[in-house]
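Labels A, B and C are assigned to the chains in the order they are written; within every chain, residues are numbered from 1.
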(Lines give C-alpha, C1' and ligand atoms only; values in the text may rest on other atoms or scores of the structure.)
Protein backbone atom coordinates (compact mmCIF):
# COMPACT_ATOMS: atom_id res chain seq x y z
CA UNK A 1 0.00 0.00 0.00
CA UNK A 2 1.35 3.40 -1.02
CA UNK A 3 -0.07 6.74 0.13
CA UNK A 4 1.17 10.10 -1.10
CA UNK A 5 0.54 13.59 0.26
CA UNK A 6 1.51 17.12 -0.71
CA UNK A 7 2.46 19.59 1.98
CA UNK A 8 3.20 23.30 1.52
CA UNK A 9 4.90 24.83 4.55
CA UNK A 10 4.40 28.36 5.81
CA UNK A 11 7.15 30.79 4.70
CA UNK A 12 10.00 30.61 7.20
CA UNK A 13 12.80 33.03 7.97
CA UNK A 14 16.39 31.93 7.33
CA UNK A 15 17.32 29.31 9.91
CA UNK A 16 16.41 25.86 11.24
CA UNK A 17 12.69 25.21 11.87
CA UNK A 18 10.97 22.25 13.53
CA UNK A 19 8.31 20.89 11.14
CA UNK A 20 7.46 17.47 12.68
CA UNK A 21 3.94 18.69 13.57
CA UNK A 22 3.28 19.93 10.00
CA UNK A 23 4.32 16.55 8.61
CA UNK A 24 2.21 14.60 11.14
CA UNK A 25 -0.85 16.79 10.46
CA UNK A 26 -0.61 16.25 6.69
CA UNK A 27 -0.92 12.47 7.06
CA UNK A 28 -4.05 10.32 7.31
CA UNK A 29 -4.01 7.10 9.29
CA UNK A 30 -0.60 5.48 8.78
CA UNK A 31 0.01 1.77 8.22
CA UNK A 32 1.08 -0.18 11.30
CA UNK A 33 4.58 -0.97 9.98
CA UNK A 34 6.46 0.68 7.15
CA UNK A 35 8.34 3.81 6.20
CA UNK A 36 7.73 7.37 5.09
CA UNK A 37 9.82 9.39 2.66
CA UNK A 38 9.76 13.16 3.08
CA UNK A 39 10.98 15.00 0.00
CA UNK A 40 11.64 18.73 -0.45
CA UNK A 41 11.21 20.08 -4.00
CA UNK A 42 13.81 22.86 -3.69
CA UNK A 43 17.57 23.33 -4.01
CA UNK A 44 18.35 26.15 -1.55
CA UNK A 45 16.84 24.59 1.58
CA UNK A 46 17.18 21.13 3.16
CA UNK A 47 15.54 18.55 5.41
CA UNK A 48 17.24 17.03 8.42
CA UNK A 49 16.61 15.30 11.72
CA UNK A 50 18.10 16.87 14.81
CA UNK A 51 17.49 17.68 18.47
CA UNK A 52 13.94 18.89 19.04
CA UNK A 53 14.08 20.18 22.60
CA UNK A 54 16.55 23.01 23.15
CA UNK A 55 16.14 25.95 20.72
CA UNK A 56 19.80 26.87 21.27
CA UNK A 57 20.76 23.84 19.14
CA UNK A 58 18.91 25.33 16.16
CA UNK A 59 20.61 28.69 16.62
CA UNK A 60 24.03 27.03 16.74
CA UNK A 61 23.27 24.83 13.72
CA UNK A 62 22.53 28.01 11.81
CA UNK A 63 25.73 29.76 12.96
CA UNK A 64 27.78 26.63 12.25
CA UNK A 65 26.45 26.33 8.69
CA UNK A 66 27.12 30.03 8.06
CA UNK A 67 30.66 29.57 9.36
CA UNK A 68 31.20 26.44 7.23
CA UNK A 69 29.84 27.93 3.98
CA UNK A 70 30.32 31.70 4.10
CA UNK A 71 28.76 34.26 1.78
CA UNK A 72 30.84 36.23 -0.75
CA UNK A 73 33.64 33.69 -1.16
CA UNK A 74 36.00 35.05 -3.84
CA UNK A 75 35.61 31.89 -5.97
CA UNK A 76 31.80 32.09 -6.32
CA UNK A 77 30.69 32.72 -9.92
CA UNK A 78 26.94 32.19 -9.36
CA UNK A 79 26.26 35.56 -7.74
CA UNK A 80 23.29 37.06 -9.65
CA UNK A 81 20.60 35.90 -7.20
CA UNK A 82 22.08 37.48 -4.08
CA UNK A 83 24.79 36.76 -1.52
CA UNK A 84 22.66 34.15 0.22
CA UNK A 85 21.99 32.06 -2.92
CA UNK A 86 25.17 30.11 -3.72
CA UNK A 87 25.89 29.25 -0.04
CA UNK A 88 22.29 27.97 0.13
CA UNK A 89 22.95 25.51 -2.72
CA UNK A 90 26.13 24.24 -1.04
CA UNK A 91 24.42 23.82 2.35
CA UNK A 92 21.55 21.98 0.64
CA UNK A 93 24.01 19.64 -1.12
CA UNK A 94 25.71 18.84 2.20
CA UNK A 95 22.46 18.24 4.11
CA UNK A 96 20.07 16.67 1.59
CA UNK A 97 16.44 17.09 0.57
CA UNK A 98 15.09 13.55 1.15
CA UNK A 99 14.52 11.84 4.51
CA UNK A 100 13.22 8.31 5.13
CA UNK A 101 11.78 7.55 8.58
CA UNK A 102 10.47 4.17 9.81
CA UNK A 103 6.81 3.77 10.81
CA UNK A 104 6.16 1.64 13.91
CA UNK A 105 2.78 0.99 15.58
CA UNK A 106 1.13 3.43 13.22
CA UNK A 107 3.40 6.42 13.83
CA UNK A 108 6.73 7.88 12.75
CA UNK A 109 9.34 6.17 14.92
CA UNK A 110 11.48 9.18 15.78
CA UNK A 111 13.79 8.99 18.80
CA UNK A 112 12.82 10.88 21.95
CA UNK A 113 14.98 13.88 21.06
CA UNK A 114 14.53 13.74 17.29
CA UNK A 115 12.55 16.29 15.34
CA UNK A 116 12.20 16.87 11.60
CA UNK A 117 13.63 20.21 10.51
CA UNK A 118 13.41 22.43 7.48
CA UNK A 119 16.69 24.28 7.06
CA UNK A 120 15.80 27.47 5.21
CA UNK A 121 19.05 28.78 3.73
CA UNK A 122 17.62 31.76 1.79
CA UNK A 123 16.84 35.13 3.37
CA UNK A 124 13.37 34.98 1.82
CA UNK A 125 12.78 31.43 0.59
CA UNK A 126 9.01 31.66 0.55
CA UNK A 127 6.69 28.69 1.01
CA UNK A 128 8.46 25.37 0.47
CA UNK A 129 6.72 22.34 -1.04
CA UNK A 130 7.12 18.74 0.19
CA UNK A 131 5.88 15.34 -0.99
CA UNK A 132 5.29 12.66 1.63
CA UNK A 133 5.25 9.04 0.40
CA UNK A 134 4.15 6.30 2.82
CA UNK A 135 4.63 2.61 2.29
CA UNK A 136 3.55 -0.10 4.71
CA UNK A 137 1.00 -2.66 5.74
CA UNK B 1 5.73 -4.32 -6.92
CA UNK B 2 9.51 -3.88 -6.92
CA UNK B 3 11.64 -3.23 -9.99
CA UNK B 4 15.41 -3.05 -9.96
CA UNK B 5 17.84 -1.76 -12.58
CA UNK B 6 21.61 -1.50 -12.94
CA UNK B 7 23.11 1.60 -14.48
CA UNK B 8 26.76 2.19 -15.31
CA UNK B 9 27.54 5.84 -16.01
CA UNK B 10 30.10 7.12 -18.50
CA UNK B 11 33.44 8.09 -16.93
CA UNK B 12 33.23 11.69 -15.74
CA UNK B 13 35.93 14.22 -14.95
CA UNK B 14 36.24 15.51 -11.39
CA UNK B 15 33.26 17.76 -10.64
CA UNK B 16 29.46 17.83 -10.44
CA UNK B 17 27.57 16.20 -13.34
CA UNK B 18 23.83 16.17 -14.12
CA UNK B 19 22.71 12.53 -14.55
CA UNK B 20 18.87 12.84 -14.39
CA UNK B 21 18.60 11.81 -18.05
CA UNK B 22 20.78 8.71 -17.54
CA UNK B 23 18.58 7.64 -14.63
CA UNK B 24 15.33 8.26 -16.54
CA UNK B 25 16.60 6.35 -19.60
CA UNK B 26 17.55 3.30 -17.50
CA UNK B 27 13.97 2.86 -16.24
CA UNK B 28 11.06 1.02 -17.86
CA UNK B 29 7.52 2.20 -17.27
CA UNK B 30 7.28 3.41 -13.68
CA UNK B 31 4.36 2.73 -11.34
CA UNK B 32 1.85 5.55 -11.01
CA UNK B 33 2.65 6.29 -7.36
CA UNK B 34 5.68 5.24 -5.36
CA UNK B 35 9.34 5.96 -4.83
CA UNK B 36 12.72 5.24 -6.35
CA UNK B 37 15.98 4.71 -4.55
CA UNK B 38 19.16 5.58 -6.43
CA UNK B 39 22.26 3.99 -4.92
CA UNK B 40 25.91 4.53 -5.84
CA UNK B 41 28.25 1.57 -5.20
CA UNK B 42 31.38 3.68 -4.52
CA UNK B 43 33.02 5.56 -1.65
CA UNK B 44 34.86 8.41 -3.36
CA UNK B 45 31.91 9.92 -5.25
CA UNK B 46 28.39 10.90 -4.17
CA UNK B 47 24.82 11.46 -5.32
CA UNK B 48 22.90 14.64 -4.66
CA UNK B 49 20.01 16.76 -5.85
CA UNK B 50 20.71 20.36 -6.74
CA UNK B 51 19.94 23.14 -9.19
CA UNK B 52 19.77 21.84 -12.77
CA UNK B 53 19.69 25.05 -14.80
CA UNK B 54 22.71 27.28 -14.35
CA UNK B 55 26.07 25.48 -14.88
CA UNK B 56 27.77 28.09 -12.66
CA UNK B 57 26.13 26.42 -9.65
CA UNK B 58 27.97 23.15 -10.43
CA UNK B 59 31.29 24.98 -10.78
CA UNK B 60 30.77 26.71 -7.43
CA UNK B 61 29.68 23.48 -5.72
CA UNK B 62 32.97 21.97 -6.85
CA UNK B 63 35.04 24.95 -5.62
CA UNK B 64 33.14 25.01 -2.33
CA UNK B 65 33.74 21.31 -1.66
CA UNK B 66 37.45 21.71 -2.48
CA UNK B 67 37.62 24.66 -0.09
CA UNK B 68 35.77 22.75 2.65
CA UNK B 69 37.85 19.55 2.37
CA UNK B 70 41.30 20.47 1.04
CA UNK B 71 43.93 18.08 -0.26
CA UNK B 72 47.20 17.44 1.60
CA UNK B 73 45.91 18.27 5.10
CA UNK B 74 48.77 17.55 7.54
CA UNK B 75 46.62 15.14 9.56
CA UNK B 76 45.79 12.77 6.67
CA UNK B 77 47.30 9.30 7.12
CA UNK B 78 45.53 7.62 4.17
CA UNK B 79 47.76 9.07 1.45
CA UNK B 80 48.88 6.10 -0.68
CA UNK B 81 46.19 6.46 -3.36
CA UNK B 82 46.91 10.08 -4.29
CA UNK B 83 46.15 13.57 -3.00
CA UNK B 84 42.58 13.43 -4.30
CA UNK B 85 41.65 10.19 -2.52
CA UNK B 86 41.14 10.99 1.18
CA UNK B 87 39.28 14.27 0.48
CA UNK B 88 37.02 12.24 -1.84
CA UNK B 89 36.06 9.90 1.02
CA UNK B 90 35.27 12.84 3.31
CA UNK B 91 33.18 14.62 0.66
CA UNK B 92 31.31 11.37 -0.02
CA UNK B 93 30.59 10.92 3.72
CA UNK B 94 29.22 14.47 3.91
CA UNK B 95 27.05 14.14 0.79
CA UNK B 96 25.86 10.54 0.74
CA UNK B 97 25.50 7.76 -1.83
CA UNK B 98 21.78 6.97 -1.58
CA UNK B 99 18.88 9.17 -2.77
CA UNK B 100 15.16 8.45 -2.52
CA UNK B 101 12.82 10.37 -4.84
CA UNK B 102 9.00 10.15 -4.93
CA UNK B 103 7.21 8.91 -8.06
CA UNK B 104 4.01 10.77 -8.99
CA UNK B 105 1.85 10.18 -12.09
CA UNK B 106 4.37 7.69 -13.42
CA UNK B 107 7.48 9.89 -13.24
CA UNK B 108 10.12 11.07 -10.78
CA UNK B 109 8.61 14.03 -8.95
CA UNK B 110 11.60 16.37 -8.98
CA UNK B 111 11.03 20.08 -8.43
CA UNK B 112 11.30 22.43 -11.42
CA UNK B 113 14.91 23.34 -10.63
CA UNK B 114 16.00 19.97 -9.27
CA UNK B 115 18.38 17.66 -11.08
CA UNK B 116 20.12 14.46 -9.94
CA UNK B 117 23.90 14.85 -9.81
CA UNK B 118 26.88 12.58 -9.61
CA UNK B 119 29.63 14.31 -7.67
CA UNK B 120 32.86 12.78 -8.95
CA UNK B 121 35.51 13.54 -6.33
CA UNK B 122 38.43 11.60 -7.88
CA UNK B 123 40.61 12.97 -10.67
CA UNK B 124 40.02 9.74 -12.63
CA UNK B 125 37.12 7.91 -10.98
CA UNK B 126 36.23 5.82 -14.02
CA UNK B 127 32.76 4.48 -14.72
CA UNK B 128 30.52 4.52 -11.64
CA UNK B 129 27.87 1.87 -11.00
CA UNK B 130 24.37 2.58 -9.65
CA UNK B 131 21.41 0.42 -8.61
CA UNK B 132 17.91 1.84 -9.07
CA UNK B 133 15.14 0.28 -6.97
CA UNK B 134 11.54 1.25 -7.68
CA UNK B 135 8.59 0.54 -5.47
CA UNK B 136 4.99 1.52 -6.21
CA UNK B 137 1.63 0.56 -7.54
CA UNK C 1 6.09 -7.47 2.47
CA UNK C 2 7.56 -5.33 5.25
CA UNK C 3 9.85 -6.58 8.01
CA UNK C 4 11.12 -4.45 10.86
CA UNK C 5 13.92 -5.09 13.35
CA UNK C 6 15.39 -3.28 16.35
CA UNK C 7 19.14 -3.25 16.85
CA UNK C 8 21.03 -1.84 19.82
CA UNK C 9 24.74 -1.45 19.13
CA UNK C 10 27.53 -1.90 21.66
CA UNK C 11 28.80 1.38 23.16
CA UNK C 12 31.50 2.79 20.89
CA UNK C 13 34.26 5.29 21.54
CA UNK C 14 34.23 8.59 19.64
CA UNK C 15 35.05 7.90 15.99
CA UNK C 16 33.93 5.99 12.90
CA UNK C 17 32.97 2.32 13.41
CA UNK C 18 32.13 -0.38 10.86
CA UNK C 19 28.73 -1.89 11.76
CA UNK C 20 27.81 -3.83 8.57
CA UNK C 21 28.11 -7.15 10.43
CA UNK C 22 25.84 -5.99 13.27
CA UNK C 23 23.20 -4.96 10.73
CA UNK C 24 23.49 -8.24 8.76
CA UNK C 25 23.26 -10.33 11.96
CA UNK C 26 20.09 -8.53 13.10
CA UNK C 27 18.19 -9.54 9.94
CA UNK C 28 16.28 -12.75 9.19
CA UNK C 29 16.08 -14.03 5.64
CA UNK C 30 15.79 -11.05 3.30
CA UNK C 31 13.48 -10.82 0.31
CA UNK C 32 15.13 -11.51 -3.05
CA UNK C 33 14.72 -7.94 -4.36
CA UNK C 34 13.96 -4.80 -2.41
CA UNK C 35 15.47 -2.24 -0.10
CA UNK C 36 16.41 -1.76 3.54
CA UNK C 37 16.24 1.46 5.52
CA UNK C 38 18.62 1.78 8.45
CA UNK C 39 17.58 4.50 10.90
CA UNK C 40 19.46 5.83 13.92
CA UNK C 41 17.31 7.20 16.77
CA UNK C 42 19.85 9.78 17.99
CA UNK C 43 20.98 13.33 17.17
CA UNK C 44 24.67 13.36 18.11
CA UNK C 45 25.80 10.42 15.99
CA UNK C 46 25.24 9.51 12.33
CA UNK C 47 25.10 6.68 9.80
CA UNK C 48 27.12 6.64 6.61
CA UNK C 49 28.56 4.38 3.96
CA UNK C 50 32.28 4.58 3.32
CA UNK C 51 35.40 2.56 2.59
CA UNK C 52 35.46 -0.67 4.61
CA UNK C 53 39.00 -1.92 4.05
CA UNK C 54 41.70 0.45 5.23
CA UNK C 55 41.29 1.59 8.88
CA UNK C 56 43.31 4.75 8.07
CA UNK C 57 40.27 6.08 6.19
CA UNK C 58 38.21 5.96 9.41
CA UNK C 59 40.92 7.78 11.34
CA UNK C 60 41.11 10.51 8.70
CA UNK C 61 37.32 10.83 8.50
CA UNK C 62 37.35 11.48 12.24
CA UNK C 63 40.16 14.08 12.00
CA UNK C 64 38.47 15.74 9.02
CA UNK C 65 35.14 16.07 10.82
CA UNK C 66 36.88 17.50 13.91
CA UNK C 67 38.70 19.99 11.69
CA UNK C 68 35.48 20.95 9.87
CA UNK C 69 33.35 21.39 13.01
CA UNK C 70 35.65 22.33 15.89
CA UNK C 71 34.79 22.35 19.59
CA UNK C 72 34.50 25.59 21.59
CA UNK C 73 33.61 27.87 18.68
CA UNK C 74 32.94 31.34 20.14
CA UNK C 75 29.43 31.45 18.63
CA UNK C 76 28.14 28.26 20.31
CA UNK C 77 25.34 28.95 22.80
CA UNK C 78 24.39 25.30 23.46
CA UNK C 79 27.31 24.50 25.77
CA UNK C 80 25.78 22.94 28.89
CA UNK C 81 26.26 19.30 27.82
CA UNK C 82 30.02 19.49 27.20
CA UNK C 83 32.42 20.63 24.52
CA UNK C 84 31.71 17.58 22.36
CA UNK C 85 27.92 18.06 22.27
CA UNK C 86 27.16 20.93 19.88
CA UNK C 87 29.77 19.83 17.29
CA UNK C 88 28.13 16.37 17.44
CA UNK C 89 24.75 17.86 16.46
CA UNK C 90 26.31 19.74 13.53
CA UNK C 91 28.21 16.68 12.30
CA UNK C 92 25.03 14.60 12.56
CA UNK C 93 23.09 17.21 10.54
CA UNK C 94 25.76 17.13 7.82
CA UNK C 95 25.95 13.33 7.64
CA UNK C 96 22.42 12.10 8.31
CA UNK C 97 20.78 9.39 10.42
CA UNK C 98 18.89 7.41 7.73
CA UNK C 99 20.40 5.17 5.04
CA UNK C 100 18.58 3.22 2.33
CA UNK C 101 20.42 0.32 0.69
CA UNK C 102 19.15 -1.89 -2.16
CA UNK C 103 18.62 -5.63 -1.63
CA UNK C 104 19.68 -7.88 -4.54
CA UNK C 105 19.62 -11.70 -4.60
CA UNK C 106 18.64 -11.78 -0.93
CA UNK C 107 21.44 -9.59 0.45
CA UNK C 108 22.37 -5.94 0.91
CA UNK C 109 23.90 -4.83 -2.38
CA UNK C 110 26.86 -2.86 -1.05
CA UNK C 111 29.79 -2.15 -3.37
CA UNK C 112 33.01 -4.13 -2.86
CA UNK C 113 34.60 -1.37 -0.79
CA UNK C 114 31.44 -0.14 0.94
CA UNK C 115 30.74 -0.66 4.61
CA UNK C 116 28.02 0.77 6.86
CA UNK C 117 29.45 2.99 9.58
CA UNK C 118 28.23 4.46 12.82
CA UNK C 119 29.88 7.83 13.35
CA UNK C 120 29.93 8.33 17.11
CA UNK C 121 30.44 12.05 17.68
CA UNK C 122 30.15 12.09 21.51
CA UNK C 123 33.00 11.20 23.84
CA UNK C 124 30.68 8.78 25.66
CA UNK C 125 27.61 8.28 23.48
CA UNK C 126 26.58 4.98 25.04
CA UNK C 127 24.62 2.28 23.23
CA UNK C 128 22.89 3.58 20.11
CA UNK C 129 19.54 2.26 18.91
CA UNK C 130 18.64 1.55 15.26
CA UNK C 131 15.49 0.46 13.44
CA UNK C 132 15.88 -1.63 10.28
CA UNK C 133 12.93 -1.66 7.86
CA UNK C 134 12.98 -4.09 4.94
CA UNK C 135 10.69 -3.99 1.97
CA UNK C 136 10.76 -6.42 -0.94
CA UNK C 137 9.39 -9.50 -2.57
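Criterion: contacts are C-beta pairs under 8 Å (C-beta built on N, C-alpha and C of every residue); 3 or more make two chains touch, one makes a residue touch a chain.
Only a predicted model underlies this, so the values are computations on that prediction, with no experimental measurement involved.
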Interface sides of chain A and chain C: same vs different residues, half threshold: different
Superposition rotation for chain A onto chain B, Cα-based, multiple of 5°: 120
Geometric centre distance via CA averages, chain C-chain A, whole Å: 19
Two or more partner chains touched - positions in chain C: 68, 94, 96, 100, 135
List of chain C residues in touch with chain B within their complex: 33-35, 48-51, 54, 56-57, 59-61, 63-65, 67-68, 94-96, 99-104, 109-114, 119, 135-137
Touching residues (chain side chain C, partner chain A) in the complex: 1-2, 4, 37, 39-44, 68-69, 73, 75-78, 86, 89-90, 92-94, 96-98, 100, 129, 131, 133, 135
